[in-house]
Amino acid sequence: MPVRAPARGRAVPGPAWLAALPALIVIGLFSVHPVMVMVAGSLGVGRPPADEGLTLDHYTRAFGSETVRSALLDSVLIAGGSVLLVLLVAVPVVLRQADDDRHGRGGVATDVLLTLPIALPGIIIGFFAIVLTGRTGLLGLAWGGFSGLAYTFSGLLVAYMYFSLPRVLGPLRGAAATLDPALTESARTLGASRTRVFTTVTLPLLLPALIETSGTAIAVALGGYGTVATLSEGVRLLPLNVANELTTGYRLADSSALAVILAVTAVLALVLGRALSRLVRRAVAA
Amino acid sequence: MTRFVSRATCAFVLIPILATLVAATSVDFSQGPWGGGVTLDWFAYAWPPLAPVIGRSLAVAAIVVALNLLLGGPLAWWVARHPSPLTRLTGYLVNVPLAVPGIALSVALVGTYPMLRPSGLLLVMGHLVFTLPFTLAALTPALADTELRTNESVARSLGAGPLRVLRTITVPACLVAVTQAVTMVFALSFGEFNVSFFINPPATSTAPFALFDSYSTQRLESASAQSAIFIAFVVPVLTAVVLARRRAPRRTP
Amino acid sequence: MTTTVSTDSRSGGPDGAVRAAGLAVDDLNVRYGDTTAVEGVSLDVAPAETVAVIGPSGCGKSSTLRAVAGLVPVAGGTITLAGRDVTSLDPARRNVGLVPQNYAVFPHMTVAANIAYGLRARGVPASERRARVGEMLDLTRLTELAERRPDQLSGGQRQRVALARALAIRPDTLLLDEPLAALDPQLRGGLRRELSGMLAATECATLIVTHDQREALSLGSRILLLRDGRPVQFDTPRRLWDDPADAFVADFLSGAVLLEAERDHDHAVVMDGRWRIPVRELDVRPTEHGSTRLLLHHDGLGVVDEEETPDDGSALVAEVEHVEFTGDALHLTVRAGGHALGVRVPPGTRVGRSVALTVNPGRAALLTPNP
């Protein structure tokens, strides 16, 4: 006897997007709309106290200020520099991880350790810099040159490397996992040295992912506020200026203008990374 | 060579944490590591004021996780199962908080909804939009999996209703992805500082703000103890993230 | 099972010459941690010869090939290539041509650049390189695809690219890992013949690893059969077919059955006396492996009608377990005396629950050890 499905009144389901509606409303209200309000405010057409009529004053003032310009430059240098330095160590690390994963090796502890900084707020990373290379820092005992390094450009660079490390390792690990080990093995048997295999096979195949990951990581590092906030007595980065306009006198429109500049820089890094990556992928393939 | 770099990178991550522990257990860190002797007093001193703040942070993180599943789950389902130009646009919109720096988003939120700040609602919403991209990234590929979709249609052909299919097929298949999303969102919300900067309720703030405060007002030893306590709360969550990721089926794109 | 493969028992293979020019593997051991993947494997391949290594999955055949290529560390034994001991030599300096199972064609290079890769690594001058690449493109009939990218190629074309790339460096040995496994089964027959033609055109000592007995039988001039990392038999296809070392070899290579037998005057007695076959019906052949045995290929048995069943014990009554129609024949799987036997009969044959089987005169072999 055939087993029949229980006769069930087929409820007519609503359109599928209905399920997504609550999330879409939240995103619209608390992400898209505020960003638009912020952009409008920076142009002088926001709500009070940023409603003085359409103007570019806040931008001209921002770009006219020497401190803002140098902060923007330092932000770009720190974000870009730290990510590029991290790439140098990230490539060997993800190649090792991919190898370990394929052979079922690789401990959880290493994995946790290399992912951990992603869950640490930037302020703690800034604090780490103080503990190690602050004026009474641990490393300062070993060599005087480390004392106070936390508040210098290079100290900040290292702190942002800590910040960027998991954000580079994560996506890059996925890319390394898709590299077929038979490719490098074949190249080796064809007589290529390890260095040659790396430069002619591994690196070209990894390059698109390297570029895209860099773009994303630079964008995130540009917005990293906590680390520089903890180390604010040293080099100043743009996020500090954004916050200052609000904390010292609630100049919403000026703060918004700086926030928009910061956001545009970050989006630029993101888009540039994607576009370059696509370009390189095509160039490498050709 | 690669092994050496891996070890060195692990050391790079670990050393500051260990140094913080040394500072937190030193009587007087300015006299060097464990200067003036070893003590646990700084922990005893740091814990009582920190405990309620951590409790609040845990509560916020829990609410944010729940909202992520409640709103992000159906959203991921829609994006995974009905791909269209509309879902692609949605993908871009959801990722806005990843492109816009946290401090900028914070300015935008406080400029738009200053009245929602004191209640803490704005903080929760800020964390929600900031973490939704991670939920979507974890759940969408799992829900789009063709094998899962075949299994669902087999279950339906065997007479299971939509709810039973969801409960017995879909949710179990996505368990690893859900775990990954939940733990990641939890960890991110718990440590969130940038987006929160202008939208946290000033009187009843979260753990990162307590830390930030102690960094500028308290002794290094006490601040270290507070940081160590904070890290101790993050590590188990992150271990769960890593374990979930290791159990996830490898998808080769 | 302790069948040892001794050097002097193999047919063919001029030993001294091989050591000077071809590939020789002696008592190879490969271990991964605590597990032994390969133990005591020896083989030799003469120049222009093709040896196939075959066995069920996990038998150590791929590990053997990877050890020759230098991709896994060798725990014991020696590998000699063109007279050089390469056992612990870096893979880049062995001069082997490897064609991996998935072909591993470099996806970011054109067909021509793929083929030129090894030549570039060796610093071959551009003019010479171009000429050699041209030759290889000709040999593998890829000339028109020279500027194509790998993602625009079919599986068979990729295989040829990998082959041309490996041959371009004039390797001392060519190593093919499951050369046809990644291809559409329907195309394999044609591509196998094509591959065989290309291999014949090279002077290379070729080692092929496969799990497919048809591939091994048609491509290999000699075949090494492995089981659980150990060698079982190393011989020509003909001799493996006619005189298998044990029941595993017979079954794995041809699905044949090898039964212990006793000679009782002019009868061969099988299955504890349940089956007595007149020796005149059998092809009596000398064997190099142990005791007297009856070798039954699929064409060795036939079904007789019930009324014609001889009652002298020369027919075996067997239970039919499975009947499969293969177009030109019926393939029966029958069981008797604890053995499963395969029988091919004409498609019109009447088959009941049990059948009476007799040997087809001259088609079943009685393997008798030399006195």
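Letters A, B and C mark the chains in the order given here, with residues in each chain numbered from 1 onward.
Criterion: contacts are C-beta pairs under 8 Å (C-beta built on N, C-alpha and C of every residue); 3 or more make two chains touch, one makes a residue touch a chain.
It should be emphasised that the depicted structure is a prediction, and the values quoted were computed from it without experimental measurement.
Any chain that touches chain A and also touches chain C would be listed here, but there is none.
Farthest from chain B, judged by the mean position of CA atoms in each chain, is C. Distance between chain B and chain C, defined via averaged C-alpha coordinates, is recorded as 56 Å.
Chain A and chain B have centres, each the mean of its CA atoms, that are 15 Å apart.
Contact residues of chain A toward chain B in the complex are 3-6, 8, 13, 16-17, 19-20, 22-24, 26-35, 37-38, 41, 46-47, 50, 89, 92-93, 95-97, 99, 108, 110-132, 134, 136, 138, 141, 162, 165, 177-178, 219-220, 222-226, 229-230, 239, 242-243, 246, 252, 255-256, 259-260, 262-263, 266-267, 270.
Across the interface of their complex, chain A is touched by residues 1-3, 5-6, 8-10, 12-17, 19-20, 22-23, 29-30, 32-33, 70-72, 74-75, 77-79, 81-82, 86, 90, 93-94, 96-105, 107-113, 125-126, 128-129, 132, 158-159, 161-162, 187-188, 190-194, 197-198, 208, 211-212, 215, 220, 223-224, 227, 230-231, 234-235, 237-239, 241-243, 245-246, 250, 252-253 of chain B. Chain contact summary for the complex, chain C toward chain A: residues 69-71, 90-98, 100-102, 104, 106-108, 117-118, 121-122, 149, 151, 162, 165-166, 169. Those residues of chain A lying in contact with chain C across their complex are 180, 182-183, 185-194, 196, 200-201, 204-205, 284-286.
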